[in-house]
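Following: one structure in structure tokens, then a few remarks.
Chain lettering (A, B, C and D) follows the sequence in which the chains are written, and residue indices restart at 1 in each chain.
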Amino acid sequence: MTDNDPLHAIDTMSEECGVFGVYGHPEAANLTYLGLYALQHRGQEASGILTYDGKAFHHERNRGRVADIFSESCLNRLKGHAAIGHNRYSTTGGNKLENVQPIVVNYALGTLGMVHNGNLINGNFLRDELEAYGAIFQSSMDSEVIVHLIAHSKRRHVAERVIESLGRIRGAYCLLFLTEEGLIGARDPYGVRPLSLGKIKGGGYVLASETCTFDLIEAEFVRDIEPGEIVQIDEKGVSSFKPFPKVAPAQCVFEYVYFSRPDSNLFGKNVYAVRKRMGRELLKESQVEADMVIPVPDSGVPAALGYAEASLIPYDTALIRNHYVGRTFIEPQQSIRHFGVKIKLNAIRELIEGKRVIVVDDSLVRGTTARKIVKMIRTAGAKEIHVRISSPPIVSPCFYGIDTPTRNELVASTHNVEEIRKYITADSLAYLSTEGMFRAVYNNSSEYENKHFCTACFSEDYPIPFTGEERVQLGLFEDQALPN
Amino acid sequence: MTDNDPLHAIDTMSEECGVFGVYGHPEAANLTYLGLYALQHRGQEASGILTYDGKAFHHERNRGRVADIFSESCLNRLKGHAAIGHNRYSTTGGNKLENVQPIVVNYALGTLGMVHNGNLINGNFLRDELEAYGAIFQSSMDSEVIVHLIAHSKRRHVAERVIESLGRIRGAYCLLFLTEEGLIGARDPYGVRPLSLGKIKGGGYVLASETCTFDLIEAEFVRDIEPGEIVQIDEKGVSSFKPFPKVAPAQCVFEYVYFSRPDSNLFGKNVYAVRKRMGRELLKESQVEADMVIPVPDSGVPAALGYAEASLIPYDTALIRNHYVGRTFIEPQQSIRHFGVKIKLNAIRELIEGKRVIVVDDSLVRGTTARKIVKMIRTAGAKEIHVRISSPPIVSPCFYGIDTPTRNELVASTHNVEEIRKYITADSLAYLSTEGMFRAVYNNSSEYENKHFCTACFSEDYPIPFTGEERVQLGLFEDQALPN
Amino acid sequence: MTDNDPLHAIDTMSEECGVFGVYGHPEAANLTYLGLYALQHRGQEASGILTYDGKAFHHERNRGRVADIFSESCLNRLKGHAAIGHNRYSTTGGNKLENVQPIVVNYALGTLGMVHNGNLINGNFLRDELEAYGAIFQSSMDSEVIVHLIAHSKRRHVAERVIESLGRIRGAYCLLFLTEEGLIGARDPYGVRPLSLGKIKGGGYVLASETCTFDLIEAEFVRDIEPGEIVQIDEKGVSSFKPFPKVAPAQCVFEYVYFSRPDSNLFGKNVYAVRKRMGRELLKESQVEADMVIPVPDSGVPAALGYAEASLIPYDTALIRNHYVGRTFIEPQQSIRHFGVKIKLNAIRELIEGKRVIVVDDSLVRGTTARKIVKMIRTAGAKEIHVRISSPPIVSPCFYGIDTPTRNELVASTHNVEEIRKYITADSLAYLSTEGMFRAVYNNSSEYENKHFCTACFSEDYPIPFTGEERVQLGLFEDQALPN
Amino acid sequence: MTDNDPLHAIDTMSEECGVFGVYGHPEAANLTYLGLYALQHRGQEASGILTYDGKAFHHERNRGRVADIFSESCLNRLKGHAAIGHNRYSTTGGNKLENVQPIVVNYALGTLGMVHNGNLINGNFLRDELEAYGAIFQSSMDSEVIVHLIAHSKRRHVAERVIESLGRIRGAYCLLFLTEEGLIGARDPYGVRPLSLGKIKGGGYVLASETCTFDLIEAEFVRDIEPGEIVQIDEKGVSSFKPFPKVAPAQCVFEYVYFSRPDSNLFGKNVYAVRKRMGRELLKESQVEADMVIPVPDSGVPAALGYAEASLIPYDTALIRNHYVGRTFIEPQQSIRHFGVKIKLNAIRELIEGKRVIVVDDSLVRGTTARKIVKMIRTAGAKEIHVRISSPPIVSPCFYGIDTPTRNELVASTHNVEEIRKYITADSLAYLSTEGMFRAVYNNSSEYENKHFCTACFSEDYPIPFTGEERVQLGLFEDQALPN
């Protein structure tokens, strides 16, 4: 874990998306560019920025990394005091340019831009209904449903139309809208994905998926947008609406485990600190005698440090990363095959040889990478290898905006811990318990009893109700006894 | 330090070059591609591979990163059982395609390819002489002088011509030559740059700047090529020549400090282990009370771990890197300026606030980056900031293949430690002593007395003699009392 | 004229668009690629192809020329037995990728692709109406209105929805639709733009803007689609519908003058033959003594040949084209300026010196190019220069799909022939009369009396009625006494 | 023929190269860019420009067309008052960047740039000799030999070294050299390739392969450089040297037939006028009754006009070109194959049907294209097809800088006229005789007796002597009784 580096992408829950918006700053596009840059770990497939300068909208989007997409001339074209931006991790629908956000449309009230982090549950149903009314769809993104609902609303103001439309959708979403009337931000009633509000030093406001962006653009953290809250930011400042009935929040705990950057503060806690405490709790639950603690870089670093610090076993970064791993690496196609993790990592024999080592990572999805890493450490001469995972076993896919493998590909869905240990050829394997995870999140505070998190990927306990038809579409069948 | 990551390139001695050669393996180009990939930290500006298939030579070279230059079809074109490759860090002569190695020429004996890591002292002098004899130069690289000397030799075999030609040059070099007669490797009599020999599991031999490449291609380390040794690898195996008078070796100690990858074994020692010991020695020399030890990622990690482990002060990676920092980042051009290090690093306030922190890095060149990092940590709330550098002050440029700033830009050349401390606004600053550095290298072994290293950048003690004219050309004047 | 070459684009009515569709051939995409290639003169800014293989639709589009856009792998992806394609000349809305056709949307009946040659009169009005019903627009093309009308229709079959929708639009259009139900072609009741039906030798049907495409793909001309006719081509063959009240046709006569390729047969006549007769009629109307007839290459060639042949004055191609003129030519920015036509044409002094020359071109729009050509011929030593234009003066813009300059830029809109002659510095200038033009079209046949053409650009006589509001939007005011 | 258009490249003697140089104009690079643009027909594979600004040389070269290679910023970098440029048609040695001219080298006297149009006979011999002296070759171009000879010379001035070096080479060449001492132009003693001197209106001189460039840059034709003449242009003006013994000139007559642009004046005659007279002579020699004369566009236009004018048979451009034919056209790979000429040309049935047609082209190399064109015209309904070629049969390859097919591919080398007629399926076929060709060149003037042309491709009469070894290398054997 740590910060969602290229390496980890081998075998993890994949990234989702990042959103960023600015209102009231003369360099809205530049700030958004920086914000997307700091959110690159939430999506590397494509990015886009939409700005509004009081008269016209300006739009740039493309496939690729933020730094490659936005040239200086490109940023200069993006004039305006208000902007929204998006980093996309391509999920279903493929990597077509049509699917790159912001979605920008012309409709009865003028122009509307939207970015979305999350996933709708009833998107297909609404799509069919809208098409029956004559709606035309350009993309395969379920996010497009939302702009159609807004376009079909008869309300006079965008914010009213947004509220009316969100009343019809179910699912996980953080949304930013840019219109002639200002910037609107919305977080679903369960608060699955994070969204924070900041005040920019030079004037204006920012809405972003993570607070690490505030440090970069010199904005001050104001507060998190609350679950179910809609804010409109315009010349009059920030207005807040809470139009929906209150439900029990279900914030994504996996943001702590892997997604968010360690320098972000999420749902009120610092991510690095939570992760380090996860390592400590892991030690409490599954101690083992050993000579050294090794993190899987960089995702396992904080938990490994927490584990090592509490256990007094020496910590060493004995797996070395190649910092120049890029997306374009071509595996030579002949006899030398299956580099897999070797192209990215190398184990230092001089440190490992003859040692009993504890290897710490944040999560274990398919198990294939863990198996390769164990093999690499064994080849470097380790006497014993104990794998420690600083989160519980992942048993079920996410339907709230994260690109997980199918249930069958999740090794913990079909195998118990001992079977997994054998598969990855470790001498021992232990996961952090759900209770341990929450102790780490709450740092043993009194909040612990009242935890408001979504743990569906660890527990199959999906907080947002499904209809029977949705269950079938999502591959969740009756006998799995899901809540209705 | 650690592994020469993009971040560190802000303010360090710049990288130099990496060389890699294979003889006797059917996929020589694929192995060379992997080798260059693992040596990317030694040069990111350009790369090239030359192969020989027994009948024809095949050549690909371009500006950019290894993974971007060599496509699958490109590697398929590079047929042959023998290959040489090069990663270039552009120094003088600019980033022209003409200057990308391998140098490949047609001459009296057929075709000759060459790669060079190092720098010649008497290149200009030889160039003038060769031009007087009618030689034509295509590039601005001093390496080109060597192939001209070989072309002008009257000997019958390439190896003889190489020996004759190397007898005329002075400077630092590891050279690989590919010809119809086989692969030739040469290391200068001082052994300034590293060159190791490996045996490939599937058959054949490899010569490489660093041993980390052997792990990736599954080759076994055989031995280092000795200072002044020339090896020819062909169908008959490996032949060795030592035609030059013996001199005291002067291996580059800065390879330990920063250049080489931590998973390489260099001059007989593991680099990571040496660096960690440097941290320990640093603690012995400049202890200070503090609450935490922070590495500058990733270059300061091993020394910081060594320092923390020995001092029992907690270690935390409280500076978080943006893993997606690329070469193409455009700094927005208006009011939000001077991101410098902020775009690459962020300090975690929750960890640092109110703490006395020790920040460890491997070296300090201009001081500008250290100043920014200290400021960032101060802004995050640190109470005291103590900077510890795990190598001595850099006071003089390198003329042996490393792209250093001019003497005036080296902050330690013109300022004492207290002045530098003030400049970087730290509460204290300490460097490792030269003695401490060598204690770390030799791990207090008996070899210590017999150290054979070049320390010119720390000591102005240049091991390879200069003529008066060369001294003038290089900006080294009499009153600096250099050895003649 | 002649064949719409790059040169002529300097100063003419700009191209419009080309459409091409195939049904019932296993290589529909390849045929469409060839068809678009042969129609490149009708639009060079962007192209796209949509295919249907019985199960899925495949879509490729991009800015640029046909041969640059469609690579072999790209054509291989475009599987299917049915296809539509489009060449775009960018008019209003700019050269954005969103505006590249085919338009492809998902709607209630499935997927719908559409290409459009022409221009709607009441597009803005319909757009406002559709937006009020909740429609979302992605592009700035008025063509998008048509697919929204179809999506909002409640009919069960696409063809019925197309008929219902076309009943609501006014303007010039040739449309092709590709859906799961087959290929549909439609031509507006005035028949402004051409659309022909062909039968492919290897099986299947083709619909295309021009018959020159049939020669290339070895299709046989069947017949022109009639004004107001809608055809559906599917497994059952070709069905024809004529659902609209009959109006007097108003086919674009400028297709004969300039747009269509000379090897096409248009509205029943061969274009080259018509143009050559225009040259003959021009001679009858404006004879002059001279030593040679010179065409402006290549647009003036057929008329110049017709003029020379009838006058017995020798014909010479004394203006030589640079065949390598591309779109990317950079005019050096300093003292050597204003190459204009010189970069594309050169006059042969040896032929021209001391001669009285007649220069023939097909039309004269702004007059700026004619002025430069006259100057070039004068510099080459001509004694007298007589300019002859094989069409009437252009006095009014086209609103039916052709990108004309504004009225003020049309030199004949604001100047009489003598004033234009002075401006272009010719010794004499004559245009072909409207009557002469139609004599050439009908070759003095009896059809002449019954001519069914749009001559609005020559006469301001717009055949499709405008509302008052449309007149204002189009810049056509009352005092210009336009038909209502 | 006419102007060496993309079409003709299907089946002709391929282009060679074009050279252009400027001295004494502040925008030397811009003028050279324009000159190369006007010489694009002489080579489309690659281009380069070298400039000198009194202090430094600036160099840009690349594969592709002139207009694609030189961007505005690129031209701005090419500072200086002196420049040389080159268009390359890739012959042997392939299309490697190393082979793109200007050749630029550093040698004893400083920097030397060179461009070459032509071909050396004794290049291989000199290359071996130079390598024996230690020379290193970077490219596979024989032109590189010349710069090595210059580098090996001991003379003090470049011009002296050039003269000494040219004394050692045999072959066809027009050479331009750019050095610190000025611009040097050289034409071989036989004067095979053309080179003309012009005076630029704004100051300075120009040397160019063709005079059509002078019209574009507003330079005045001064004179042709004479066979065997060397000129140096510098601050003192133009100096001329004729250091070599006089030989009978052997100017390439094929420049008149095909290579040069019709608006150039070559060896004292206008090319278009010569070509038109070739058509007239062709009529005299091979009259036939027919209804129309058709040129193969654009190469056959002037001769067809000459033929038609003298015969009083009507002339029509009944073969229509697609003006958008580019290099990148992908022939669809399946059932629709063998487009060949169809993608570039289309015959107008309305003109041709039932007619006896005479088709005129400038030359006939392999016969494959002529065969396709005859078939196309026959399919369009022609009753009789008479092919007339305005030059003699090509029986032997060129060794003087033109890329001809091998002897076996030259249809007239192995077949008589009647056999060729059958192959191309024409009703009759006639070539212009050598005598007729020269009557056209000299316009029946008294010069005719004294003709100084190379006709080797028509006659096997090679004017530059070969050694026996060269004859073997070139595939010219004894029994072919070549001059020694």
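By our rule, a residue touches a chain if its C-beta (ideal position, glycine included) is under 8 Å from a C-beta of that chain, and two chains touch if they have at least 3 such contacts.
Since this is a predicted model, take the numbers as computed values, not measurements.
Within the contact network of the assembly, the step distance from chain B to chain C comes to 2. If each chain is reduced to the centroid of its CA atoms, chain C and chain D end up 38 Å from each other. Mean C-alpha position of chain A lies 63 Å from that of chain D. Distance between chain B and chain D, defined via averaged C-alpha coordinates, is recorded as 51 Å.
Within chain A, not a single residue touches two or more of the remaining chains.
Interchain contacts close the chains into one ring where each touches exactly two others, per the touch definition above.
Per the contact rule defined earlier, chains pair up in contact as A-B, A-C, B-D, C-D.
Listed in rising order, the residues of chain A touching chain C in the complex are 97, 105-108, 131-138, 147-148, 151-153. If you check the complex, the residues on chain C that touch chain D are 2-6, 26-27, 30-31, 33-34, 37-38, 40-41, 44, 65-68, 70-72, 75, 202, 212, 215-218, 261-263, 265, 270, 272-273, 276, 298, 301-302, 305, 309, 314-318, 320-326, 328-330, 332-336, 339, 342-343, 346-351.
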